[in-house]
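Here's the structure we're looking at; comments come further down.
Here the chain labels run A, B, C and D in written order, and each chain numbers its own residues starting at 1.
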Amino acid sequence: MHIGIIGLGKMGANMRARLQANGIEVTGFDQNPDVSDVAGVNELIETLPTPRLVWIMVPAGAVTDAVIAELATVLSSGDLVIDGGNSRFTDDFAHSALLATVGVHYIDAGVSGGVWGLTNGFGLMVGGSADQVERAMPVFDALRPAGPRDESFVHAGAVGAGHYAKMVHNGIEYALMQSYAEGYELLEKRDDLIADVPGVFKAWQRGTVVRSWLLELLVRALEEDPELANIEGFVEDSGEGRWTIEEAISNAVPVPTISAAIFARFVSRQDDSPAMKAVAALRNQFGGHAVKTAD
Amino acid sequence: MHIGIIGLGKMGANMRARLQANGIEVTGFDQNPDVSDVAGVNELIETLPTPRLVWIMVPAGAVTDAVIAELATVLSSGDLVIDGGNSRFTDDFAHSALLATVGVHYIDAGVSGGVWGLTNGFGLMVGGSADQVERAMPVFDALRPAGPRDESFVHAGAVGAGHYAKMVHNGIEYALMQSYAEGYELLEKRDDLIADVPGVFKAWQRGTVVRSWLLELLVRALEEDPELANIEGFVEDSGEGRWTIEEAISNAVPVPTISAAIFARFVSRQDDSPAMKAVAALRNQFGGHAVKTAD
Amino acid sequence: MHIGIIGLGKMGANMRARLQANGIEVTGFDQNPDVSDVAGVNELIETLPTPRLVWIMVPAGAVTDAVIAELATVLSSGDLVIDGGNSRFTDDFAHSALLATVGVHYIDAGVSGGVWGLTNGFGLMVGGSADQVERAMPVFDALRPAGPRDESFVHAGAVGAGHYAKMVHNGIEYALMQSYAEGYELLEKRDDLIADVPGVFKAWQRGTVVRSWLLELLVRALEEDPELANIEGFVEDSGEGRWTIEEAISNAVPVPTISAAIFARFVSRQDDSPAMKAVAALRNQFGGHAVKTAD
Amino acid sequence: MHIGIIGLGKMGANMRARLQANGIEVTGFDQNPDVSDVAGVNELIETLPTPRLVWIMVPAGAVTDAVIAELATVLSSGDLVIDGGNSRFTDDFAHSALLATVGVHYIDAGVSGGVWGLTNGFGLMVGGSADQVERAMPVFDALRPAGPRDESFVHAGAVGAGHYAKMVHNGIEYALMQSYAEGYELLEKRDDLIADVPGVFKAWQRGTVVRSWLLELLVRALEEDPELANIEGFVEDSGEGRWTIEEAISNAVPVPTISAAIFARFVSRQDDSPAMKAVAALRNQFGGHAVKTAD
């Protein structure tokens, strides 16, 4: 099998490498000529056998929109496009519909695994028609970890289902990270009692209810920097966590831990909190409580 | 009527002034001789007509414990002690029992109103027996605002009920303040759209669903400092908010807004968040996401 | 001044009545002929003196879109449309742009006050150009409560600012209601200690920090039904609370109390919680904890 | 090595079995004669070689207090008591001090693993002096899973540290479970899009960021009952989650996800929510919104 990849950033490059290591021929295109196999999308398309299989791995939103739009002009009926990026599932409907006008098939693939995917394999959640998913299965099998297929791959439903599942996955991920982080702070705050905070996390890796891959990563982080002294509590967020909240709101699903995780990130990025300035001002007004004046 | 007050800090002094302005004779004792009417508790007790009425207005916890213990040795059967401080309601049971051993009655009085109480009057929630509450009514009537008694005073129940009600009052207060503060931040963040943030709050004072005294105080704060430029988003918390959470936990009452308000204050006082350092470390581990290094 | 109102539901009818009581001539149109003054929009338009002033008070979203679209075909250059409904502020941009193509001016007006607005007056937050706001000021003055204009009216900014401010107002309102409700449950749960729960709320109306109009309404509700025995804990939500969360997410504003209030409403409407079924299933898996089986 | 166990409930019996399987001689006592090896504590003590090693596995609180008090009267100087139950870490200080008065040593051991511990081994977090921990190491090694000791065992600090770490472990556990549960509801709500909800969870087991033991348990639960149709969303909570919140409050640690998880359990057990009755009553008061009347 021979596949084209558009987008050879950190994730795309790792996927190319894993596909090649598992016997899939790959031609990749990236705006950065240093990493690109071909000079442009047209050359990529010409290189691929028909019917073609093109995997997109570019930033969600405008960039993905543009790539899909370009592909709709250069691909042929019967080709298949897989969007493996972090697109919002609602975008899949438009992308799929646009490509369908020229007879091109579409699969949305949520991909998890981060930088570890190259060696561990990537967890995959895909949406699309059964026959197209079957057609691309050699690619999915090459990307996913060893072991039973259904433990690292799911055909979650029709177009959009893959990215929806990935969005939910990321919402859960945010909340899981915040859960461990609150536990870390509870342990760290009582360093008068807990003599070995990293050791506690390390000891949770076998036998306990909280063992997980994220826990293992936290153990690694604490081995490198036992007091996290070299890291600032400043945390970005990507779109998927936000979309999760928006979908929750749209579907009347209460998501108190996922939203708490997002809000904690928002706060982490503030130099000063307008809200807490307002609370401080209120306390000062009714109670004569002292306020800290800004410098 | 002639009452003794122990504790002439900001609240105690204001209460003495309001009582005197409303025809109650007051003798006050404070550790600070500059504000005290008498040299010590013994002199205070001797000054008061029997059966005596003593109002305590000192810090909750150890200080109140000590004052109650001392009063138990100097007061006589039939005297009445009112704890108007911010004691935890569970302390009232011990205080009441100790005083009862020497025949001294006890009322717990939750007092709201802050620095405005002197002129506006104080809202009062009391716990104790009906006859003792009736006996102290002239004092309560002098302290509370003008208007119908039941709109500023409640005999909430037996001993402890007054401070329990005050504790809940303060828990609500925390959540109300946080509610307005979140609204403030939502308006302030869109200063591209909202040309007059203070004006919006000002306009909510009549006719809207959110009108309240706290809103009026926020309007005042914004008139003094329209962008809250001179105030830092650093907010202390007193014990009552924490007790509210603990009681909620004990009674299996979900209190998501009250706890959110407390947690926001905790975060406001952190230079850096250990929890968010842990989240940043985790993101870095799995995604290779850049972290901000501490200086 | 003579104004047309489209939409004579609960709010629209009350506004017509208040405008008329304050000397504004009103012609109203509603789909329901029993309450309508005219047979249709065309007749309404013909009735009004030019340049016309039309106030829209219909459900946000598709209905408002349709009314605006119709008005764009029948109004003339120089006319002014005010959308007083609960439209999303982002809709205002499209509505304003559409009307501008035919020279018709636009103001968005957030209106608060509920069923009490008829007698108390309505709190108003408007967005638009200064000259159009000035032009409509007699209408705003007739609708708002007596007292200083800036305590019940604000020209918050350009088009969209009125509905944005109203959206934030409603977000705050949700959180305020939840705050009092948590306090209610904390008092109610300890009815062994608190002998008079309604009395506690009643006593908070003067002098306390938590006094507000919502508190007064809760006092009224508890006077009618002291144990809320005749009311179910089932709470709908309108769009504005949801939009508030979405805007908060878009602008990276942490809103833990507002979101908690929304989520509590979502939960209140569930017969059984899928999430809690999952938690129960998990506990059963790892701990052998008994589960309640569904009937 | 020969150890006595007091308490042969689900956990104690499993621990006895695992210890015996790993070459530790065990004599167990339980109030239930059907499972007990001896008739009483005195007989248990007489059976053990000196200096003795007694493991307590009874309900935290009053029962553990009573067992410790009894042991203080029958054990001899140099004996060692290990409390493996879910005691609050603050209880350890009193238990340790009481036993020290008769020269008996004390270790607190937090134990995780649930019903799976028998076959998988138990994760262990202990507090106490280095020499006593060393002395009991054969017992810990027999209980914990195979693999490196520091991945399933930690000497977390002095007395109390073991149960503190276990308390935090359980707090994290609550939040992790809630995180997955919210994700479950988000998937389940969109069954129009997600054709295979159990399949999504199953596919997350390899390669994804959210893989964990709890995820595996959820997969098992969904294999047994794909729609969780036979389980009610009613979730108990044990003391440790509550203590986690209380410690967080005491130490000013924000724990929004852990508290959200606890509150969700509280709500899950309510037939009707007093708080939401209050919100419904408020909405009815200001907006004339319909309420659902209780039957």
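Side notes on the structure shown:
By our rule, a contact is a pair of C-beta atoms (placed from the backbone, for glycine too) under 8 Å apart; a residue touches a chain by one contact, two chains touch by 3 or more.
Keep in mind the model is a prediction, meaning the values are calculated, not measured.
Farthest from subunit A, judged by the mean position of CA atoms in each chain, is B. The interface with the greater number of C-beta contacts, when A-C is set against A-B, is A-B. Between subunit B and subunit C, the centres computed from C-alpha atoms are 32 Å apart. Here the CA centre of subunit A is 46 Å from the CA centre of subunit B. Annotation: 37 Å between the Cα-based centres of subunit A and subunit C. For subunit D, residues that reach two or more other chains under the stated contact definition are 114, 178, 180, 182, 185, 189, 209, 213-214, 252-256, 260, 263-264, 267, 273, 275, 286.
Across the interface of their complex, subunit D is touched by residues 89, 112-114, 117, 120-125, 127, 144-145, 147, 150-158, 160-161, 164-165, 168-169, 171-173, 175-176, 178-180, 182-183, 185-187, 189-190, 193-196, 199-200, 202-215, 244, 247-248, 251-258, 260-261, 263-264 of subunit A. Within the complex formed with subunit B, the subunit D residues making contact are 209, 242, 245-246, 249-250, 252-256, 259-260, 262-264, 266-267, 269, 273, 275, 286. By the touch criterion given at the top, residues 10, 114-116, 177-178, 180-182, 184-185, 188-189, 214, 217-218, 220-222, 225, 228-236, 256, 264-265, 267-268, 272-289, 291-294 of subunit C touch subunit D in their complex.
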